[in-house]
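Below are structures written as structure tokens.
The same chain A turns up in both complexes below, where it pairs with chain B and then with chain C.
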Partner chain A sequence: MATVEKPRAFIRPDGKEKVTGTGRYTADLVLAGELVAKFRYADHTHARITRIDTTRARALPGVLAVVTHEDVPDVLYGGMVQDRRLFAKDTVRFEGDIVAGVAATTAEIAEQAAALIEVDYEPLPVVTDFEAALADDATLVHPTWESYEGDEALGRHENTLGYSTIVKGDADAALASADVVVKGRYVTDPVQGVPIEPRAVIAQWQGDKLTVWTSTQVPYAARAGVATTLQIPESNVRIVVPLLGGGFGAKCDFHFEGHVAALAKAARRPVKLVFSRREEFFAVGHRREGMVLEFETGARADGTLVARKARLVLDKGAYCGEGGFFAQMAAMHALGPYELENVHIESSLVYSNNQPSSSIRAPTAPQVCWALEQHMDELAVALGMDPVDLRRKTIVETGSVTATGQVLENIAMRETLEKAVEMIGYGQELPEDEAIGVAVGWWPCFASKSGAYVKLNPDGSGTIITGAQENGTGSVMAMPTYVAAELGMQPEDFSMLYQDTDAAPWDMGSCGSQTTFNSGRAVIAAAVDLRDQLLDAAAEKLEASRDDLELTGGSILVKGSPDKSVSIADLAGEGTFHGKSEDVVPDGPEAPAEGCVGRLGLESFHAPQLIAHAVRVRVDRGTGVARVLEVAAAHDCGKILNRIGADGQVYGGVVMGIGQALSEGTQLDAEGRHRNAHLTDYKLVTASDAPRIDVAWIETDTPGAGPKGSKGVGEPPCVPTAGAVANAIAKVIGARVHKLPMTPERVWEAGA
Partner chain B sequence: MSVQTFTTATSVDDAVAAVAAGARPVAGGTDLVVGARSGKSTMPESVVAIHRVAELHGVESLADGGLRLGALASHAEIAASDDVRSRFTALSDASAIVGSHATRAQGTVGGNLMNASPAMETGGPLVCLGATVTLRSPSGTRSVAVEDLWTGPGKTSAAADELLVGVEIPAPPAGTGSAYLRLEYRRQMEIAVVGASAAVTVADGLVTDARVAMTALSATIRRIPEAEAALIGSDGGSAAIESAGAAVAAASTPISDVRGSADYRRAMAAVIARRAIDQALSRARGENA
Partner chain C sequence: MKVATTLNVNGVSYPVDLDPGTNLLAAVRDVVGLTGSKEGCDDSECGACMMLLDGQPVNACSYLALQAEGSEITTVEGLADGDTLAPLQTAFLDLGGVQCGFCTPGMLVSATALLEANPRPTEDEVRIGLSGNLCRCTGYDGIVKAVLSVAGSS
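And then the complex of A and B:
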């Protein structure tokens, strides 16, 4: 393989326009004659709708369309369960349920019209306590749940949307004979993705053809959602993604493209929706879920984990969306990367009248890891062992068999742990208000089909056509780097066409840490195809055998005869070179998972990524304010193909993890309404709070990995951070904080 | 409602005339515009921009040892002043931590005071430093002690036709040190949940004067006479500081909201007040800058 010269000098092509303010995001686009969309949201978090009257709204001058459930096909949609309508028909189930949409000439008129829509309700009991929603006599969020289409394996029953267990051996018997048993109960608040760009959607119809410009991480899912809800062929829908101002998972899934398209159709004009910051908090059916977690672990005196029992309850909120798999994913994280002799984990994903939860960066993992890693430290205390020594004794390694029966091959859990504690200087003397906490975690890869083309332009430059999206994760940097490496060219030689569903083959989108794993695999395969074409052409031109040729420095030359060469630019001017991928999706590992229910395919972790974070924290014991001073993050994410991008993912993920640990949490009132839907009181970590972060990559060659031995990178960095911070806080204050986020008040209450 | 009339004043007289005619003055816009965008208040019908009025700018050390701040002195400007940092240190502490870099570059001391938030940073220090504000109307000029300026959250004793044009701080007596401290969950973009200011004068090992004010713990920022009494005449030792802190906690009437419970705020009132007093005492004794 050719090496890329000067990799660190490659500046991502969207960087300059983003930081200088010249970049165009969806909200910046203006279409001739466009109208402004506003929604009328539910006036109750759970209520039956008895009447909707739009007469007064329609009569307001400047209003061109008002759309309710009556104006769109009566279609239920949703990822693993179809339980939602674009516009509420008979029931509203959370604060952000949309009853109607308005398109008007100005935002003020649209807002006024939305308020003029008359909606009568019969309020229903509100289910905000998601643990209580499991009770037999609980109010049902979806009384007609049995009639919904959904994945059979979810095990749905009343308010339980998903139920999953992991069972191995006899956990109760093993606990009874364990030398030491510890128990703990932990509760987490919901957390938001908080992309800095509030989402925007513009829809325009030309005859039967619809174009939607939208800030989505998953344009192909958005296209499918529009087609399903409006009952039109997918081929009539084109999704274009202008610059995307972050997503962190919150812009995965189909969200508002259908509503805006319906308004544009009714108004016969282009319609633009731009969310306020408040809407970006409460109206998006996509946040990190609150959880209740109960753990009980038994160990022998030497630390061997003889049994773990866990009961997890996850708040799904009002609708399924794409997060139907959470019960099983959370159960897998309740195992953690540990050797366990006996296991009984029970995980329930429960409907409530809270905001729906779906994938936010490493969904379910940070919360479960935070609870489990505290629980492990509590076990270490009970055993009289150092917490790192307990982990050394109990973590999985190559050859370990997980509780579901997956054999782990070529993983570097132990090496990441050792590297993290080495980097932080574990064991050093510290001031009494400081301590080091350590946590480990894991995360799977998600294999999916993907496709790409790479073409050469007559001037010798190239264009990469891919469905990989740029959610801030650096695909615009990675893809040209990968292709240039195959072709002996420079990353700067390539432009990317990646934002248009009519251009590129289907792609999963920017989610599941999959961009390098799947989109990267396709792009590299397309580059290899193009490389073959170039070698064939050069062999003919240079009258040399293909085997004697090499691509380097933008030319193809005959090895050993430097004067016999042809530049790629010259070849490009003479032909139409275009490579396309032939996709081979790597197989995932098998796991028998005997006795486990709610199996959705996550009972084995495909090419698992292993993570160890060690953090040094200072706690102000007078106030409970904790500050993370230093983070050492060691990751086994396979081979690292783009070091700048990979490091960047860790910096961002760790800071996000610190926010989850200390300050980020949505507070709900008794009816499930947001109390802090703004950036003043939903406290993100600022650049001034960010600590020193040291990153180490332990490169392994895991079977089933992505291109060139890579695994995912984007999600794992926020998995163990909160757990490590929690363990450090507990060491300083001598008490456990059982609620997440661990705000100053909670740390103070716990006994700072 | 959107803004119907927008004028730009180039002199104090212009600005005062516009205010008297019903316009809201805008300088940095960090409260007016942000408040309207978040739905907290509506934009006024009539606005007069005063940022170009040269006389309203400046941080000026006076011949008598006092300090004059133009209404338009920005937090960044105040925080960068060596004189403010060495002699009016509590104000320097406060100006340096208002909002974010952008807020400090844009926001002004006049706007901060007239916004009358009980959580504002600069208020407590100015109260403790004995500052007065100058209010000007078409009929004349008057001085008001900063602590008499606020009548409730968002409310001031200024008449509708008065514009705050400047702030004067008298020369602190020799042996004075001051400090402002805020409970903060993060380092930027923070709003005080609990804040405390102290200005103390020490002579011959005894506290001869003390002013203590609390921020975000009642409807307006105000001095706590019981805390001051606990310090005056004492040696400024830990017992005096302890009882002054307890007096601040006892005087506070905190609320419970998303930022913290009343119980936590009351407990923190004592902690933060003790630390602010301790810091002010150290500075008075010349123990640190």
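And then the complex of A and C:
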């Protein structure tokens, strides 16, 4: 185990096009004859559709296509539950449900045509209070839920899309005998991903073949979604992702590719959709969910955690999307990285008529961690212990057994906590309006299949063909670095062919912090295959035994005979050498998880990443304004491949976490409509708000980790930030803020 | 009814016909054909469309194109000297100021204007000077370091 000191830097290969403005994002592309797409969204957040009449829209000059549910196959789609149609058929269930699409020669005509579509509704009772949606007599968001195809393990029932428990021992009995018991209830507002690039989609048919250029993080899922909803073979669908302007999870999942493809088919012309910022807020069916969280924890006087009970209710919104696993993921974060003797956690993922929730950077974790880490600080106060000492006493470490029965091996939770505390100078004298807050968290790796090719070009350079997706996260640096190391070449020797589903084998995409872990493993396997072929060829050419050869500096040498060598460029010949991956997915750790329901595979955390953040915060008691002055972020994300890339993930994740802590929250009206779907009132952290951030990496060698000991790194940095900020605020004002974000009003009301 | 005008972008004069309501960003992207400047909000909130007008930064999404007649317009495409990157562009790449790259054009244009007005800014001055440009990837760390490094070396 070691702390990384020296940067290992490699400038991103897509950098020059990005700083010169010559790079092309989806909205920058123009196809000859392209039309503009606009949607007609639901006029109510819950209503039965009684009539759709597109006659006037179709008659408008310049309109080439109007598409409704009648014009596409009647297909239900969705991740773990298939509960949604491309175009609403009989019912609209949230503000962003799409009733119709229009393709026209100009944006103005398309907008006018969308408004001319006549839609009659019978309004239905609106379910916006997702906690009340659990009641027996609540209005059902999906009255036909039983007819939907879905994962049996979800435990669906009426408005409950997912239900998960974690049970260990007898929590009630242990609470009754605890020396100290604390309780807390916390509520979080929904939060948005807000990539700076609004999404864009262009679809073009050539015969039966469809090409879609789209700003997605998951091209293969987008391909499958188009094929399923339009009932065409996947081999007829090619998804290409030009440069992607950020995602943060919001561009995961199949979204609008199907709608635009249907419009392009009907119009017999290429069609382009570019979202406005307002649409990017309300229409995307992809936000961080609101939650209600109730915790009760009992401890012995020495701090030992004898029991935890928790009840979590998560707002799924109108449709499943790819967020079906949230109940179990949230339950795992309600355990947190702690040793617990007895546990009873119950987590419900509930339909409502709000915007659908799906993965945003470390889905469910920041909200649960914010509540739990406040709850732990409240326990520390009740015990008369220092909050950091309480964590020292209760966090997991190597050899710990989690509440689901997973044995944790080679993790550095303790080291990250100690490092964060040391970096921030915990215990120092501070002005009375400042305090330091600390929080810890965890996050799993996701093992998944991936595939890749590496080919040599005639000049001895190489090309990596990978399903890895780049959304700013650095796969364009990681993949060449891995391949070059296997072949004794330099990362700069490689180009990448990527973000094109016709080129590379299937890949999960840029989600779950999985690219280095899985796509990295695949490109290494392909490079090893290529290396074997090169060694065979060199052995023949040099009349040497393969075992005596080594690859270095772009050549293959006979060890001990420096004059006997052949360059890879000489061997490359016509450029027919190519290696392909044979993928072996690492097994996940076992967890018996006896007595737990809603088991979706997350009851054990594969090669967990451990995180500790310590923050120094100033609170203006007169106004309730909190400002984060300094952040110390210590992470166990395994072995670090590229320090510039890894640090960048922490800087960005922490600042996103600060936004969630203090200013970012979607406000809904009584019918579940966005009230602040723009950047004026949904406030991101700016350069002048952002603090200094110090980053430390504690390198471990965790079993089941990715290539060269790596774990994921994209999602963990935003997990504990809001909890640490909350604990600092509470220290300054002497009261808890039980609502997230902790806006000046809420801080002031709590007691500033 | 279109109006004939001339836009001078990065030292090149473009004769164009524009609807009077066309904003400068749409004119430069869709009519002139330079797509480096981005639309992130169409509301002067994100700064991805930032251009220089006679050296002054403007949110081009909220500026009428016809008002730019007679002005020198500079976009991200005009910052490099041929194939040689400007020091700010190199520093952004070296110091982790670029991830997804969508805010980068506007950020570079704002940083150029900032250093022109204040060649030796403090860190606070850089942060305030760039607070009209939103970045969701970098936490601003690499961007601020890049601007300071160029200021220090100029």
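Just so we're on the same page, the second predicted complex is superposed on the first by the 741 of 752 C-alpha atoms of A that agree within 3 Å, B and C clash if a C-alpha of one lies under 4 Å from a C-alpha of the other, contacts with A are read in each partner's own complex, and residues count from 1 in each chain.
In this text, contacts are C-beta pairs under 8 Å (C-beta built on N, C-alpha and C of every residue); 3 or more make two chains touch, one makes a residue touch a chain.
Just so you know, these numbers come straight off a predicted model, no measurement behind them.
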First, second, both or neither for A:688, with chain B first and chain C second = both
May I ask you to name which of chain B and chain C touches more residues of chain A?
-> C
Could you tell me if A:644 is touching chain B, chain C, both of them or neither one (first, second, both, neither)?
-> second
Thinking of the overlay built on chain A, is A:491 touched by chain B (first), by chain C (second), by both, or by neither?
-> neither
Which of the two partners, first being chain B and second being chain C, lies in contact with A:655: first, second, both, or neither?
-> second
So, does A:679 touch the first partner chain B, the second partner chain C, both, or neither?
-> both
Between chain B (first) and chain C (second), which does A:451 come into contact with in this model arrangement: first, second, both, or neither?
-> neither
First (chain B), second (chain C), both or neither touched by A:248 | second
May I ask you to decide whether A:28 touches chain B, chain C, both, or neither, giving the answer as first, second, both or neither?
-> second
Where on chain A do the contacts from chain B and from chain C line up?
-> 678-680, 686-689
Chain A-facing residues of chain B, complex = 2, 38-39, 100, 183-189, 191, 258-261, 264, 267-268, 271-272, 275
Interfacial residue positions of chain A with respect to chain B in the complex | 108, 278, 622-623, 625, 662-663, 667, 675-676, 678-681, 683, 685-689, 743-745, 748-749
Touching residues (chain side chain A, partner chain C) in the complex | 9, 11-12, 14-25, 27-28, 194-198, 243-248, 274, 276-277, 471-474, 644-645, 647-648, 650-656, 678-680, 684, 686-690, 693
In the complex, chain C touches chain A at residues 29, 34-43, 45-46, 48, 75-77, 79-80, 85, 89, 92-94, 96, 98-105, 108, 124, 126-128, 130-144
